[in-house]
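Look at the two complexes coming up: subunit A is in both, with subunit B in one and subunit C in the other.
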Partner chain A sequence: MSAAIGDPATDFLVLQDVRTHFDLGRDFLTRQSKGVVKAVDGVSLTVRKGEVLGLVGESGCGKSTLSRTIMQLIRPTSGQIWLEGEELSAISDQDIRETRKNFQMIFQDPYASLNPRMTVMDTLAEAIRTRHPGLNAEEMRGRVSDLLRTVGLNPVQMKRYPHEFSGGQRQRIAIARALAPEPKLIIADEPVSALDVSIQSQILNLLKRLVREMGLTMIFISHDLSVVRYVADRIAVMYLGHIIELGSAEAVVDKPLHIYTKALMSAIPLPDPRAEKARTRIILPGDLPSPLNPPSGCVFWPRSPVEHDERLKTVPPGFAEVYPDHWAADCPFCVEKPA
Partner chain B sequence: MALLEVSGLTTHFHTRNGVVRAVDGVSFSVDRGETLGIVGESGSGKSVTCYSLLRLIPEPPGRIESGTAMFDGQDLLQMTQAQLRQVRGKRISMIFQDPMTSLNPYLRISTQLVEALQVHSDIDDKAALAKAIAALEEVGIPEASRRVRSYPHEFSGGMRQRVMIAMALITDPDLLIADEPTTALDVTVQAQILEIIRQRQEKLGTAVILVTHDLGVVAGTCDKVNVMYAGRIMESGTAEQVFYEARHPYTRALQKTIPSLQKKGQKLFTIPGLPPDLAKPITGCAFYPRCPYPKVAGPVGDVPVLRDLGNGHCHAECHFCDSTAPIESVLPEDLAEDAVVGDAAPAEGGAA
Partner chain C sequence: MADLASKLPLSPAPITPEQLEQGSSLWSDAWARLRKNKLALGSLFMFILIGLFCVVGPWLSPYDSQAQNLFAGAEGPSADHWFGTDTLGRDLMVRVMEGGRISLLVGLVATSVSLLIGVVYGATAGYIGGKVDAGMMRFVDLLYALPFTIFVILLMVAFGRSLWLMFVAIGCVEWLTMARIVRAGVIDLKKQEFVEAAVSLGLSNRRIILRHLIPNVLGPVIVIATLTVPAVMLLEAFLSFLGLGVQPPNASWGVLINEGQQNMEIFAWLLIFPAFFFALTLFCLNFLGDGLRDALDPKSAGD
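Take a look at the complex of A and B:
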């Protein structure tokens, strides 16, 4: 498991065997444990500086919990996280607020993530002040104008309230707010899922341009592989708290190794009637199992079309580098090995 | 004659900010066993079209101003409430977008399925329950005889949507209207749900109207497609015609925006600007302000009429732009990327 991760001292962000479990406590009367939700269960990962890492998976797979764990909004149950050589998981709860300004988030729903009672100016100024507390009004206006221009909005609109903007414009404001404290890492959690197709591509172009021009490092969370493929340099596929495949965006999309990634790809409807009729689809039976009671061994065996042997139903597989820089769960039933 | 023939359907919302022309003269038809897709962005009037057919528009502020919707020889828009109740849920069923909110959380699944049956036919409790269990089995719910006693919260999103489909199809309707049935679901579950709808349709010969904003879903499931924009049909035809021989600039532009079709590293194609505010009168082509094609005349004149190409393929006439040019050639390199989009937000019309 350890080989997938880089060197905590030199790499930008390193996660080693991170687990985030939620203990549901004990039943009031019987005092019996109600169980533990294993939302993130042993994730090892490196994020390189200046890259966009796509995190893909179905709802309930733990991708949002993982991002919140990285930001230390939820402290991991076990495992270590390093950001630029500093071990975040060792920082005390008192000092963690100071560290959090290195992370910013862009949320899915721009209607819910902006304070309706604050003007754009107030929203952005508050975020800028976390990094530059001593700015006067003049300087602040200058910075807010710059930010708005960066995200393609007109600075004359800074005195307006969120309800005066459309969904796409609000998402631009949310992006400006994420940029304001000059964060080291931006986590975008389904940033275009709530937007219309024609607006989606505007926001994706903007994010792509910001990454290129400002050298941002970003974790881009989405359930839509076709969107992630476009934005991300590398893609990690998550299933039930585990990363089951990791590789360059091209490799994961064009030559997926894990049967789950293949199923995910084949479930994406193609906007092409002839291709749709011609393709064979892998339809997975059932739903994602409950993380309260995850299957032992290879997490995918209950839904896999390929029957697993007894060993892999009990012993969890490791993570293996199948091709250079293209990793997958080391399960012979889910992943076809190169000949 | 087609099962459903809609012609000139016009639904307006009379709001404080003026009259919102949510649906503005829409005509189409659906045959038995056929799937019609209605695609468009939010606010294009696709949901309001469907709600108008079943008269589910809140009146006021909404009003069906004109048009006819002949369903098996009867005009749905002229029916009395008593007649409508005979049609709704029995001959025409509807599946809504959000399976979380369209089931009653206080009632067991069995109660809700049995109610749908007993409202429309004289069937005793035992037979109805047996039919409910069979319906759940058909949509692939395991242990249906036990799960039928469950409450909605005991099901996952995909399972709830299956229950909705079972409920919609339990009366063997002639027409199923599915309003974004898979938008709230994961892609793997979406594939399952679309497959179930397809199987049931093959078996029962049900006509389906599928409302969606996802061109991929349309390509895989629909025989015919209506592309809507600003309450009007911009283009309609068979799926192949609309995907491979698209005539209208909007259809072409919409197809170009899909990320999965574009090469990585290339800038994504975008349609500049925002959909129009439907509370303001629109002269000429509604898409004119956002049209990426070279403009050869101003946005004047009447609403463009639908031109029928003779083989079922129709498109709104486009006088103003030179749409014979291939779309790649008309796009300047950096078009729209940094466009300061619109000055004010569009009015949130009644088209929800």
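Take a look at the complex of A and C:
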């Protein structure tokens, strides 16, 4: 087991060897197993209090499943998750409801994440009540106003319905709802990818400001590296249910270790046309393998330009600290070791 | 995070309720669209008029619906009896009004019963899903497979004839369709992120179903309900026609039409007047249902 895992008693959020598998069941006639999708397959991670951890990876790599597993919307198949010393993965399905207010989520699509039949006031009041059940109407109005001002909306609009707001405004409402129960942890699952580019930066700046001013801890999920680089303190790179690299945002972006991360970084377009022309892209052969039938050993070997030896095609590599606080899969073919 | 309020910038002046801008809900938008639909609005108006005619009418009429006058038997419309009299000399207008009371009551009560059972049952099955859902829906399939007439005859034989039993019998059949529609809608909604957000807040299943799921499937449900009312009234007419529903001397539109068709070659008005009101009501409800569908789901409006 790798030492990337912190101490569950003292660290803020600790994941140890978390696996989320989906059993597809058996074929109706032949009774043969249709297989198991290993969406998250052995993730160990520590999130520090007050930081923004960026989680990047291509579509289908398990980012969203991992976020929903941390949120306990999907219970992990195995492994442990601790939030401030409390083991979430051990809480029963009945008791988990009481704990949910401590971790909240901002969803991708602001058009689907707000109930169209409820006013902004009702939506936020419902969330506030999970933490403060006994507020009277006036106190509630005050809190809703404060929340709306915090996310940059005009409180006089609190009696309006979601369809009367633009996409960016709706995402602000969704952010206010996530803040309302005063959570310890916020997971933002691609919060800007459904928004217009001109709105994206406003929402990103809002999130950055909220994290700084309110001392929040956030896991920020995106497939857009330029967005993650802008908001995240540390970045974790995910590939096929595994974390293959983890380090500070500058280290991962500027000095990536894993060949997959290097390929991802080389795919970011540059604003300067000359630099853009000179950019060399690393093109990986093949597609993301199916999580139904993932490769054994180092998950990356089928797509790696460097031929792997037989051992790493069968035995999974560990996770090693290559530089201080910069971790990568312990595979000599994917990761160049410092001389 | 200790307390949110302490970390927020000091709020300027508190907002008073008068300052708030009122939003327009999807319901009020739908009402605005419905108001532009002249046919639907006219139908609604006509339906209310028929309702008033049936409910208030008998109190204003000088005749008693069950008082027989064999000397005045089966006379055509006249100044005294606007709709004429039946073979027993009873004033037809009062009988049409009182028959309307029962027909409308059956229509509305049985629809409400089916609405209540169907929505709660369908939403629960759809939200819980899995084996519970499969079990609950197989039960619905089972009831679907039961022949309706035999079911009602059994009920009537077992418990005797009564109006309330007829409500139950019709309600028991009509909720099945409602349950299926609501279940399908809920399964669709369950995947939406706002339901996930509600789960993330730690809300109870009960609250999620009542506050987040049911209000969002109510649109199609209301449309089906307006179309169920005439279906139920037809069922009642059918049962009364078979002698299983409302019994003489009480009347419903179904009973009156049955009596009328027995004598229609000689006393045509006995068929024409109840049939006219029955048909008019069915038309109104169908047009209203159509209009509501277009108003509640403008995307599906065909034109």
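General remarks:
By definition in this document, the second predicted complex is superposed on the first by the 339 of 339 C-alpha atoms of A that agree within 3 Å, B and C clash if a C-alpha of one lies under 4 Å from a C-alpha of the other, contacts with A are read in each partner's own complex, and residues count from 1 in each chain.
By definition in this document, a contact is a pair of C-beta atoms (placed from the backbone, for glycine too) under 8 Å apart; a residue touches a chain by one contact, two chains touch by 3 or more.
Predicted, not measured: the structure shown is a model, and the values here were computed from it.
By the touch criterion defined above, A:His223 lies against subunit B but remains apart from subunit C after alignment on the C-alpha atoms of chain A. Of the two partner chains, subunit B is the only one that A:Glu276 touches; subunit C does not reach it. Look at A:Leu257: by the touch rule set out above, it reaches neither subunit B nor subunit C.
In the superposed model, A:Met105 makes contact with subunit C only, not with subunit B. With both structures placed on the common chain, the touch criterion links A:Ser201 to subunit B but leaves subunit C unconnected.
Of the two partner chains, neither subunit B nor subunit C is touched by A:Ile91. When the two complexes are overlaid on their common chain A, residue A:Ala267 makes contact with subunit B while staying clear of subunit C. In the superposition on chain A, contact of A:Asp287 is made with subunit B only, not with subunit C.
When both complexes are overlaid on chain A, the residue A:Ser113 reaches subunit C alone and has no touch with subunit B.
Shared contact residues on subunit A (touching subunit B in one structure, subunit C in the other): 157, 163-164. Interface residues of subunit B facing subunit A in the complex, by the touch rule stated above, are 41-42, 142, 156-159, 186-192, 194-195, 213-220, 239-240, 243-244, 253-255, 257-262, 264, 267-271, 274, 336-346. Note for the complex: subunit C touches subunit A at residues 1, 3-5, 7-9, 11, 14-15, 17, 19-27, 192-194, 196-204, 211-212, 215-216. In the complex of the two chains, the subunit A residues touching subunit B come out as 58-59, 152-154, 157, 163-166, 168-169, 196-202, 204-206, 208-209, 223-227, 229-230, 249-250, 263-264, 266-276, 281, 283-284, 286-288. By the touch rule above, subunit A contacts subunit C in their complex via residues 71, 73, 96-101, 103-105, 107-109, 112-120, 126-127, 130, 141-143, 145-147, 149-150, 155-161, 163-164, 174, 177, 179-184, 213-216.
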